[in-house]
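Have a look at these structures, which come just after this line.
The same subunit A turns up in both complexes below, where it pairs with subunit B and then with subunit C.
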Partner chain A sequence: MNLEPALEAFFAEADELLTRMEESLLQLESEPDNDELINDIFRAAHTIKGTAGVFGFDDVVHFTHEVESVLDRVRDGQMQVSNDVIGLLLRNKDHIGALVRAVAEKRELDAAQRAEGEAQMAALLALLGKQPDKPAATAVVAASADVSRSESAVSDSCANENWHLSIRFGADVLRGGMDPLSFIRYLCTLGEIVHLDTLFDALPQWLQLDPESCYLGFEIDFRSEASKAEIEGVFEFVRDECVLHIIPPRSQISEYISVLRALPEDELKLGEMLVLSGALTRAELDRGLSLQSEAASAVSAEGDGGPSAAPPQLGEILIESGAVGAGVVDAALVKQKQVKDTKAQEARSLRIDADKLDQLIELVGELVVASAGVQNVAQMLAQAQLTEASEVLTRLVEEVRDQALSLRMVQIGATFQRFQRVVRDVSRELGKDIELQISGGETDLDKTVVERIGDPLMHLVRNSMDHGIEATEVRLAAGKPARAKVMLNAYHEAGSIVIDVADDGGGLNRQKILRKAIERGLVAEDAQLSEREIDRLIFAPGFSTADQVSNLSGRGVGMDVVRRDIEALRGTVDIDTEPGKGTRIRIRLPLTLAIIDGFRVGIDKASFVLPVDMIVECVELAGSIRDAARSRGYLDMRGEVLPLLWLREVFDIDSPAPERRENVVVVHFGQTKAGIVVDQLMGEHQTVIRPLGKLFSALRGVSGSTILGSGEIALILDVAGLMKMAGSTGMTAAGITEMQGQNSREMSAPS
Partner chain B sequence: MNGRHSLALTVVDDDDVAADQQQQYLTFRLGEESYALGLLSVKEIIEYGGVTQVPMMPGFVRGVINLRGRVVPVIDLANRLRAESASVTRRTCIVIVEVANDGEAQDMGIIVDAVSQVVDIPPQSVEPGPSFGAKVRADFIAGMGKLDEGFVIMLDIDRVLAGEDMAAVNDMKAAG
Partner chain C sequence: MEIERTDDGDVTELKVVGELTIYGAAEAYGFLTRALSERRDLRVNLAQVSEVDSSGVQLLLAAKRAAEKQGHSFELVAHSEAMLEVMELLQLSHVFGDPLVMPAQAA
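Then we have the complex of A and B:
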């Protein structure tokens, strides 16, 4: 039998479980009383152990078993959740990860990992060994709290071990040939009536009394082993005509609650759950539901009056009508919510082979190209029906494209969450008190980007912690809170996603940076650099300000690599710093790597595509304005200076410029705006980005290519690259040009 | 049981075919000279046309073409080999070849003046290339094939189109 796919699934699952375990552990640190977290951690460990057992990975099973034992103690409240325990468990989690990876890669653990494993094992056993004298932990108190709370809530209504039956016979019972007494007699066959009150307050004045009507009610304390349904069954023949409340004895309520807890995790309606647990009979549920719908229709009838008046909840109705106790409903509701949550999580993800997804997206890309072709033909033929049909097709294809692309979109939150652990560990290592603040975790971006942004972010976060944030004494002296902050934030802006890594540390020390840059020969000694240029020096290869190389950062590879990683994703990185206040590094990335909305422009016969997101507007360039722009190199745009870039010249296209007019496409990138001068504007197109391949890897100003509807290829302009090219030719500072020269050599060196 | 047997046979067959094909070459003309290309690396031959120029690239990179939805770079072979540009005629073709680039197979198009024929060149008819004197760089020549009409230059196409070398040229151009 081929176990490979199953193994793959196991490794993927173990990975996920370990991540969950880590998240829960970190959360547990701040909420040690949250027993749900402990359960989560336990479940994760248990599942890994179980599955590893199936495959016979004894190392994993053996180690995880001890971890599980410790967790079990914690769960049972025999062990306190201290930071030490969490620290150990975190390391355990890492070791389990190492063990699983070792199995996945079919290799043995190395010596260091084995030693670590043994040390952890010893620690675990020590924990288990001196366990019995530990007092019960707070966690358990919390665990049992909600049960006891719900029990106490109902104990008022029913304080003894007896069922309480409250029945009011309907007026027509006697006429229907039923004798209330016979029901009570029959009830005696199920158990013993401890106490019975006859209620006759419904009896009217003698004159109005109808001897054929029944006015009686009974309150009965009843001791029985029978279930609620059986008891209710006694009154079956008069069920429709009488008002019956059956309140279970106290012992039963806790039983109901436990039944509820033990119900299989299927999504059930509240009522169904109560029926299953036996707290509610089917008939009671039906009545409750009809009451609810009556109430709902009543509400909607009043409708115009107040939209706030929502139809009452089934739970409330059931409690009001006394069918079940409040505690039972509460427990059921809690269970219902849990089930919903887990269901929602399960339903939210579907594991698909990434290759299949890529194939799909590639096909959608072809489809987009094909439909653009159809649209072209339709426009050419100018036939109304065909045009209409092709419009519909194009719109649908666009939707399909968006949906397909969104399949690849994942939230960045999970990536951010990983840094909680990093910050926790590193801040301890550095002896700084650092807190990580995360926002914008729900921002979506392409999976490929998410996968490849992790390393640069790691560098940046570590850098912030090591270099950015001052030692605690320095912070206090500067009047800052001792607890430093590192912030990760993500949001969408102008067709790109922006990720900020910020800290409230000391900011960059510009003098020091400049001195080091000169020392390392990155800048000429007499170079005059603006503050921004100095800040950007930290991205130069081989640059480091650290006086000492720590094992975290300072080897001078970090920021350069970060910049290159981000540029490889067609992104940019920018730095913003204020001495004494902090530093913010801003990463700007394209939303997706596959398809963009493109705007086609032409020069002579060649056409180029610009991402629509980057275009602000298009203006005509003709007449005297054109001549002036030509000689000055910029355009007066409503009082703003707009630098111009003649694409024909940049690209060395060997053809004369058109006689009468050219067009300027105004693009913005980050804070900069510029105008790109082209011959013609050719309108918007769906653009599937195709990489140009390795041969063109060093090509600047072009980020890729796309196939037009006509089958021709158009090059996609890299606006940022073009601006950089145009900018560098005009740059005077010797140091910067020098630096960039180095960069381009380094970047193009064969890897 | 039978499966294994026939499998072994197939392998042998494959070897034979491969050996046959390894001796087969596509010959083509560039200017006055005849060249040969191992048939195994040739994927298809298409009519010249639809080449989109890529700016700021060295002269031997003619541009890119759309090969059924894929973007394939096109190399001006005459320029690459002898630094003279070929003029496009009715018989100009693009030969799509598969080259190994850092262990990755990549398709590239080469422009040739005319495709001639597929010939068998047995190993014993291959002479080592001249170490100097030929108009073509010595390291691009895999050998000289002896045919009835005379010698053909057998190209080491992986080396001619090697990405690293090409990218290096490209960088020099960009830097200088």
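Then we have the complex of A and C:
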């Protein structure tokens, strides 16, 4: 029988799924917040249920359904994964195994197994808060009835070996010289017509009859070994002029499903998968797709139909038009998802020694420098062929560099996920109802950064929960939902990665901060501080506002450590708070610590490198504008105030400024823009960052050094540092702080 | 295609000779329309039918329906081999309800 291989596939798969389910359950015991695991278990149960349903193993379906319901609640966070629940689920898994084995061996469960099943069912229903449907005694009968029913379902499907063809010919078929009868005769060459109904309901009244029009339709039960495509091929010449539905025999459906399962693990579109499995013919797919696009254009034509008027899914269309059964589409969708999942798993599974990776990056760094050298020589020699070759080389090296660096990139999601547990535990400890919302988990950043950002994030998250989020009563009184939110978000912005730790709590209490700061002697009593400056006080060493010292935070170490950690990563930390609404702490980190796209600028004979990502534009500074800028310390950039920083002065370079013109490199960092005035612009340049020695660790405004292709050394400018430095010195400083003030006003205005 | 008409008491017998196909469908329709308009019982003799296609089948079906609606009988007799083959293929014998006489050589 055709069904056997499909059944075997099902048993083998069920076995595999159950094993996986068990592994995941055991792992879940130690990591109850691992969503992946819960999803994995859910998927396993769901797949078993779905496939068992296709085969009509009702008792497997029935039991697994309740297990799935419990898992669903766990997945939605409505139910906690206690050890009891895991224990029950493990026993459930065993029972599903017993049920499947019973079906495989075509026998009924023995009394002990049945009793175990009922006990588990009762426990499941109790967990779900449902009453058992029937008293125990009748449940036994019902269970055994289920078993026998499922067997009859199997034999049923074996007997129903026939295809069903439903065909209505178009009116013009006869006039086109085609005789429906000849198609049916041809069909007979592919198999045997078991039963045929000629439908003539479409025949009009005699006097309205057009003898040359065709009014016939046929319903045919057909026994054949032919594929769906072959059967459809019979009607090829009238395909466009008739309505044809080919419904495969039941066993064929399981065959499609097993073929679907056996498909190579490639990412395929749903339709393609169905065609490959033979469940759908190419022509049916094309029609389905055109129906879909028609529907889609109809939706868009309706204009703002809203999201509810989304175009239908291909699967739905195919099922509706009767081209394929729902079971087959489901199986294909499951397969599609599996493929995606395994793809994801594969992507995760390559493990490389971190040292090897570092060596590779090191070498790539050397390569970048060497190739820059070649480029220099090529430019000097100005020989066409050499230049061309070196261009190609440079491009390739750039690609190699990007690829190599991306090897070090990891998603921040895993780090974020760890906080689920923290938030759960801490919220319980604090007696607050807090949920963690994570977004941007797929944002990549350098592995070293990820490793070192964990601790500061932990501080910030705990701090948010402890200080930021108010007690539940306070929240309710303020008209906020009882359940508070802590949000972690990450995204890329201008060559850096931004990580937000936000909460919807009470915001910073500025008066309290100021009072504490004065108490602790951090600021003078009569100091006039801007709101922003007050906010930043929380990063000052030895600062804490907590009324109660909890064992989480409030001991006065924390925020200053966070700031130090982040600054050690060449990052910055910013705070944005609104009383009553919440606080957002924004961490900005460089994407990578190793290689950047640099922009080389020159002062006299010295070269400096700026990260290209931070550069907005370059403008000439000459003539009267130059004189004005010189005296005012800022530039009028299209009506915007652009504070300027003369690099020559910053580094005390003892040479006269060029006679004719200087250049302004407009850089931005976060919300702030500034212009750096240099002598020359020397263009883009790949830059391998070399850390400066310990001797220079106190040097400000410089973040590292690099070796140029010519062998010279250039310093890499630390834009953030320069801006801060500018903030504390004289005339240019006024410009920059003014700018910052402006920005902070802009920021708070719309919110 | 030719249709020969003979009256047998109350019954009009139409004997179809040749192909009952799309090529003669309009002609056959005309003939049957006239016969139906006389409002008599009809008997179609199919002995000389050399070929039948879907148009022939649906014409006979429609005529039967029309005649019976008028309250007259419509009977197919003496099916030729070609006619029998189509009746069998489309499993129409129960639709027409006429006794089929299998030719000796086909049995």
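Rule of thumb we're sticking to: the second predicted complex is superposed on the first by the 383 of 751 C-alpha atoms of A that agree within 3 Å, B and C clash if a C-alpha of one lies under 4 Å from a C-alpha of the other, contacts with A are read in each partner's own complex, and residues count from 1 in each chain.
Here is the rule we use: a residue touches a chain if its C-beta (ideal position, glycine included) is under 8 Å from a C-beta of that chain, and two chains touch if they have at least 3 such contacts.
What you see is a predicted model; the values in this text were computed from it and never measured.
K.L.:
Of the two partner chains, subunit B (first) and subunit C (second), which one does A:V369 touch, if any: first, second, both, or neither?
P.N.:
In the superposition, A:V369 contacts subunit B only.
K.L.:
In the overlaid three-chain picture, which partner chain does A:G711 touch, first (subunit B) or second (subunit C), both, or neither?
P.N.:
first
K.L.:
When the two structures are overlaid on chain A, which partner does A:R700 contact: first (subunit B), second (subunit C), both, or neither?
P.N.:
A:R700 sits against subunit B, while subunit C stays out of touch.
K.L.:
When the two structures are overlaid on chain A, which partner does A:I653 contact: first (subunit B), second (subunit C), both, or neither?
P.N.:
first
K.L.:
Check the residue A:L181 against both partner chains and state whether it touches subunit B (first), subunit C (second), both, or neither.
P.N.:
Once the two structures are laid over each other on A, A:L181 reaches subunit C alone.
K.L.:
Quick one: is A:D197 in contact with subunit B, with subunit C, with both, or with neither? Answer first, second, both or neither.
P.N.:
second
K.L.:
Spell out the residues on subunit A that touch subunit C in their complex, using ranges where they run on.
P.N.:
Going through subunit A, the ones touching subunit C are 169, 173-175, 179-182, 184-185, 188, 193, 195-198, 200, 203, 205-207, 209, 211-212, 214-216, 218.
K.L.:
Of all residues in subunit B, which touch subunit A in the complex?
P.N.:
50, 52-57, 61, 64-66, 69-71, 73, 101-102, 106, 108, 163-164, 166-168, 170-171, 174-175
K.L.:
Show which residues of subunit C lie in contact with subunit A when the two form their complex.
P.N.:
Touch list, subunit C to subunit A: 21-22, 25-26, 28-29, 33, 36, 52-55, 57-59, 61-63, 65-66, 86, 89-92, 95.
K.L.:
Which of the residues in subunit A come into contact with subunit B in the complex?
P.N.:
Residues in contact with subunit B: 366, 369, 606, 650-653, 690-702, 705, 707, 711-715, 741, 744-745, 748, 750.
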